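Okay, so here's the structure we're looking at.
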Amino acid sequence: RDGLATYCLMLGDDALVLSHRLSEWTTRAHELEDEVALANIALDLLGQARMLLSRAASVAGDGADEDSLAYFRDEREFRNVRLVELPRGDFGRCVAGLLVFSTWRLAVLSRLTRSADPVLAAVAAKGVKEVTYHRDYAARWAVRLGDGTEYSARRLHQGFADVLPFVPELFTPHELERELARQEVAVDPAPLRPEFDEVLRTVCTTAGTELPEVSTVGTLAGGAGRHGVHTEHLGYLLAEMQSLARSDPEARW
Amino acid sequence: RDGLATYCLMLGDDALVLSHRLSEWTTRAHELEDEVALANIALDLLGQARMLLSRAASVAGDGADEDSLAYFRDEREFRNVRLVELPRGDFGRCVAGLLVFSTWRLAVLSRLTRSADPVLAAVAAKGVKEVTYHRDYAARWAVRLGDGTEYSARRLHQGFADVLPFVPELFTPHELERELARQEVAVDPAPLRPEFDEVLRTVCTTAGTELPEVSTVGTLAGGAGRHGVHTEHLGYLLAEMQSLARSDPEARW
Amino acid sequence: MDEELHEHFTRTIERDQRVEPRDWMPSGYRRTLVRQIAQHAHSEIIGMQPEGNWITRAPSLRRKAILLAKVQDEAGHGLYLYSAAETLGVDRAELTDKLLSQKQKYSSIFNYPTLTFADIGVIGWLVDGAAIVNQVPLCRCSYGPYGRAMVRICKEESFHQRQGYELLMTMMNGTSRQREMVQDATDRWWWPSLMMFGPPDGDSPNTRQSMEWGIKRHTNDELRQKFVDMTVPQAEALGVRLPDSGLVYNPERGHYDFSEPDWDEFRRVLEGNGPCNAQRIERRREAHRDGAWVREAAAAHAAKQQQRGREAV
Amino acid sequence: MDEELHEHFTRTIERDQRVEPRDWMPSGYRRTLVRQIAQHAHSEIIGMQPEGNWITRAPSLRRKAILLAKVQDEAGHGLYLYSAAETLGVDRAELTDKLLSQKQKYSSIFNYPTLTFADIGVIGWLVDGAAIVNQVPLCRCSYGPYGRAMVRICKEESFHQRQGYELLMTMMNGTSRQREMVQDATDRWWWPSLMMFGPPDGDSPNTRQSMEWGIKRHTNDELRQKFVDMTVPQAEALGVRLPDSGLVYNPERGHYDFSEPDWDEFRRVLEGNGPCNAQRIERRREAHRDGAWVREAAAAHAAKQQQRGREAV
């Protein structure tokens, strides 16, 4: 049961942290329509995070709830992949990151709809529809940027250069994911890599861009986001996100 | 006594918040020498903040100390002027802000050396030497930027345009400052404006620049930083600064 | 011919019928509407900032979702309103330029900072509350597209107002610190909210013409009174004190008496010297500037696509 | 002549005297020194980042002051070392370029992230501790300016190391959460600290030549052993567990035995694939890029001043 709770945290934290980063675009995007779209995606991911954190809390059964998990865990207890922590960057980075994340997550969620855990299966089923839209949004923009101006193609390329180093981590299962995958509760991401590569290849061909060659960001004694080993960016994000909730722990909102 | 404590908070918070902003330059300046210089100034101001917050705590005598005051007050309880909260900006902004702040503070501290409160007088005496250096550093750079390239002159000018709207607040005494000034404990900043203007005029003449015309940033029903009415920037700064201390209130460091 | 058109227009107004985009209208009517709708749209867009300021720090995930959705709705309202303005023959890029160059205004209320999360509740309660009082009559505005946009907007605003009030209720039932936050936020936002109805009727020279044209239905002071009368019992239910010692029920008038807002502050903020004017405009300018290359890319791609389409034919 | 110079150089080394900037030296000696001093200087500068990461979040004002002063000292060390390198005929701008273009390296330890404030203490204790073990012999380096810079640096490093250890002591006497933080940080930094001494002697081809030249005084493995022997009792005093089940005292050798670090991880980090390599370099590039206009302004002003000086004559 602890394993299931932790697995829910992994997928939930991915959504929570990326939702935070996307919500930073509010009042900062190039067009109102895209502010609306990015806020929508942030809201979808926030919704997924809430369901997954609530599920983690109810499975653990230790009196936690979505808010205590979101606001009162420290950085080392967060289980998200590092990709989602990267600072907002420009719109090229945003598009590249969202394309990578949603392509990967869609591959995971679409398998997770067959999870032995009915709640996870239901969350995944809802998520598949949402993340399909996210991926399409990102893919459409990747094409516009790649096929737009020389400058926009360069920004997209740089965006990929910034996020691709974090891709191998997405397909490196934590021991727990492998264990739960054997029980048909979780999805082992490793075999999904070809599907992911294929989607990216298709988008890049349409966009007339090539993915840059990059080095992989290293781990710490094999540990990365899923083990609570994060980038230095996450601490600042959490300091901001948790500041008010922690300023008055007795308060209910 | 409460009045004196609050007055110490005002001058202490000014130093604490600006020290934070200047420390953000660490690893980000254009030359190592200037990273060292900016860190030095940040350290001096941090030292001033510590003495003033400690004095506030001991005068109030309610068990507070410099850390409880720095880390466990909320935004509305901070008494600093809004000028020091402005985001880091570029080096032009940094120089303009530091020149304005240290010219003003030097004028205040040099009067405060004659305070009826011996501790304030001593803190001021030490501060005068430090802030004289800060002002000279800023003035030297203002001249370099103003007299450097066309671009640097423009950046300096923009820096002034960003900070000058916050200058009138510096010379608008809080009721408490006026009251304590009558008791010869505090300094009423209002009469110091001509001295301030004169220094800025001299620097600008040497730098070959003119101060931009700007509108004053407004108050809220007459209230500004000294009343705890801040810019929206301060909340983020405090969230970051206080995050660790608040995560484990029982801890001693 | 011209006279005939004018008469038709006047009759439409008199009969409380709607003027539609293709109908003839006096140029003053058109100008007034463009200015008012644009200002209203800009207010929605700038209004995203004070609330947006708390999205990343919302103290529960539920409140975060509500706030993010609300700010998103405001972007949506801005979009409807820009569309309504476009029916009058201006385009959005032009209006955006006028906002950024400060040739058109937005509601001054958004030039105040949000200092605590209670401000989110109070903005919902007082600011959206005042907006609704202002806007409900606009649903019957003589210009069709504007009136119809307002119907939709008012519905969502009422929803936001209830959410704001509910947040405050929850906070008032919370810790003492939360109750203090609500009182503090109320103290800060009360007077600016009263100013949202504009200057006193004596200083509002355009009101009469707007009322004759069926754009406005009530004077500023009438709406302000309505807002006060509506809000006092809400404050009582909440357990919060409104910061006006002159606020008392006047049984003769059947209304609450209240003190004059500080109209000097109002004018200063309107002229650009509020606490956040520069910051609000700069944020929009920055978004516009930083996003220029993205808009150019989208346009370039669209042009290439069109070119490819033509070549494929 | 050449032979004579060479002999003089060799005798200077053999007698443990100092080579000074104007002395003749073999080009290999000069090259090795430039590379080593530059790498050392870069390490000081890049090393500011992991610690600088906690300045704005230090949990007490005293710790904030200590940390800010320490990071500032590191900038100072970088400056001494760049000066020492300049005595060998290279200039700082050239070395900076080589750092930014990744043609010269810096200590791999700084490619790990600082995840909690305990990392600040552990960096002081283990990383500065290892640096001191590495650097104390360098105070006797055959090249004068480098040796003298190291004397000053080692003094400050010892001070930093004591401050780090004192922070950990305080934390270990604090709350359970603080103790867990210290253990966790120790677990993460232990192996990377051992790697700071470089690859095992068998894989360190340049060591012999450096020792002959009096630049290096001990092999990597000797220094690593020394560090382990020194650190184990400190860990015990602290009450922290070092994460190596193979760590036991070997009475025969009179030293602690310990396990091999993961040399594959070492090589990956060295080749640029550590957790923070890209971030560290990018931060310096950004500072350099963003500061270009300031450097240009300073140069332009200086040139104008000189011109004015000439005209005034």
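So that you can tell them apart, the chains are marked A, B, C and D in the order they are listed, and the count of residues begins at 1 in each.
Just so it is clear, contacts are C-beta pairs under 8 Å (C-beta built on N, C-alpha and C of every residue); 3 or more make two chains touch, one makes a residue touch a chain.
The model shown is predicted, which means the values in this text are computed figures rather than measured ones.
S.K.: Between chain A and chain C, which partner chains are common?
M.R.: B
S.K.: Based on mean C-alpha positions, I'd like to know which chain lies farthest from chain D.
M.R.: C
S.K.: Looking only at C-beta pairs that count as contacts, which pair of chains has more of them, B-D or A-D?
M.R.: The comparison resolves to B-D.
S.K.: Rounded to the nearest whole Å, what is the centre-to-centre distance of chain A and chain D, using the mean of the C-alpha atoms as each centre?
M.R.: Going by mean C-alpha positions, chain A sits 36 Å from chain D.
S.K.: Starting from the mean Cα coordinates of chain C and chain D, work out the distance between those two points in Å.
M.R.: Roughly 58 Å separates the two chain centres.
S.K.: Taking the mean of the CA coordinates per chain, how far is chain A from chain B in Å?
M.R.: 40
S.K.: I need the residues of chain B touching at least two other chains; which ones are they?
M.R.: In chain B, 74, 235, 239-240, 243-244 touch at least two other chains.
S.K.: Can you list the residues of chain D that touch 2 or more other chains?
M.R.: If we look for residues of chain D contacting two or more partner chains, we find 57.
S.K.: If every chain is a node and each touching pair gets an edge, what shape is that graph: line, ring, star, complete or other?
M.R.: Per interface graph, the chains form some other shape.
S.K.: Could you list each pair of chains that touch, in label order?
M.R.: Every pair of chains meeting the touch criterion: A-B, A-C, A-D, B-C, B-D.
S.K.: Where on chain A is chain D touching in the complex?
M.R.: 74-76, 165, 215-221, 229-232, 235, 239
S.K.: Can you check the complex and tell me which residues of chain B touch chain D?
M.R.: Result: residues 16, 20, 23-24, 26-33, 35-36, 39-40, 42-43, 46-47, 49-50, 53, 66-67, 70-71, 90-91, 143-145, 147-149, 151-152, 155, 240-241, 243-245, 248, 250-253 of chain B touch chain D.
S.K.: Can you tell me which positions in chain B touch chain A when the two form their complex?
M.R.: 74, 235-236, 238-240, 242-244, 246-247
S.K.: Which bits of chain D are touching chain B when the two form their complex?
M.R.: 45, 48-49, 52, 55-65, 68-69, 71-72, 75-76, 78-79, 117, 167, 170-171, 174-175, 177-178, 283-284, 286-288, 290-301, 304
S.K.: Enumerate the contact residues on chain D facing chain A in the complex.
M.R.: Touching chain A: residues 50, 53, 57, 111-116, 184, 188, 191, 262, 265, 268-269, 271-279 of chain D.
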